[in-house]
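Written below as structure tokens is the structure these notes are about.
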Amino acid sequence: MSVTRHEPRKILSCVVEGGGLVYTAGITAEDFSLGVTDQTAQVLAEIDRLLALAGTDKSKILSATIWVPDIRLRDGMNVAWNQWTGGENLPARACIEAKLAGPDILVEIAVVAVK
Amino acid sequence: MSVTRHEPRKILSCVVEGGGLVYTAGITAEDFSLGVTDQTAQVLAEIDRLLALAGTDKSKILSATIWVPDIRLRDGMNVAWNQWTGGENLPARACIEAKLAGPDILVEIAVVAVK
Amino acid sequence: MSVTRHEPRKILSCVVEGGGLVYTAGITAEDFSLGVTDQTAQVLAEIDRLLALAGTDKSKILSATIWVPDIRLRDGMNVAWNQWTGGENLPARACIEAKLAGPDILVEIAVVAVK
């Protein structure tokens, strides 16, 4: 099966397609000065953009993995998450605490979708 | 490709099918007063139930991700894991330490299976 | 769909195929006395070996999840990662901090590929 990669960076591709599946990298916000809700909104907008590059969209997400550096940030993350999902087409999801690449990064999300 | 979601909650679906794959959410026990072995047994029973909803079962699991809030809980988790697998049809697996949604949650497991 | 497992151990299989996908377990180095760059090189060589068992190779990886016990180890891990990828066929990737199965384990990597 062939693999298609979009927006390769130095160490990873931002979104990769193969076998009918679409994987995003772990996505973080552009502006780390924001709070967790606004960072999450930025992450989800970027995920929308990456899924579109691969010819799919958020209604086709199978699973999302969400990392927050303090589990108490989950509520603030969920505010943006719920606005984004609109309560529809909800993926399977795991949200766990993990220190991320820098201290100001308040959320990182990776998703798997079908095309 | 179409996506089928089972048991949608407020923020996630408990199990999602698409492209021939089945993803569970990160599943935790019902009773957080239990020790890690008993919590794991509850989680695995729930995964059995969710896989059945999606028309598959534990013999079709490709991969499992297991989070424990203290890596020393791994041995107690494995007691229930080994009883559940019976040493057969063993998936790929990663077990890592991560603080979970509450201090009494001693294990969380997500699996990917084929149908 | 059928599932094929390679190198089953007591609790997991090292690499599992199904539905056109190949999942490795979370792989750690053989020699935990090494530094993070050398541990990563060992992990990636083992991933090469496991992917070959399943009839695929690193050019077909969709996504990689990398755990390091201290996020500051990421740079040393990336030295081996970049040498291994050669900057080509870059997968989607998430790298997060997590305490691993023992204090000397400096990196763990799991990948998903197509055949």
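Residue numbering begins at 1 within each chain, and the chains themselves are lettered A, B and C in the order written.
Going forward, a contact is a pair of C-beta atoms (placed from the backbone, for glycine too) under 8 Å apart; a residue touches a chain by one contact, two chains touch by 3 or more.
All of these numbers come straight from a predicted model, not from anything done at the bench.
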Margin query: Can you tell me, using the touch rule above, whether these chains form a line, ring, star, complete graph or other shape?
Written below: complete
Next item on the list: Tell me the angle, as a multiple of 5 degrees, of the rotation that maps chain A onto chain B over the C-alpha atoms.
Entry: 120
Margin query: If more than half of the interface residue numbers appear on both sides, call it same; otherwise different. Which is it for chain A and chain C?
Written below: different
Notebook entry, point to check: Can you give the whole-Å distance between the Cα centres of chain A and chain C?
Noted result: 21
Notebook entry, point to check: For chain A, what residues touch not just one other chain but two or more?
Noted result: 19, 21, 98, 112
Checklist line | chain C partner contacts - residues on chain A that touch it in the complex | finding: 1, 3, 5, 8-19, 21, 23-26, 65, 67, 98-101, 108, 110, 112
Margin query: Taking the touch rule as given, give the residues of chain C at its contact with chain A in the complex, in rising order.
Written below: 19-21, 59-64, 71, 74, 78, 81-82, 85, 87, 89-98, 112-115
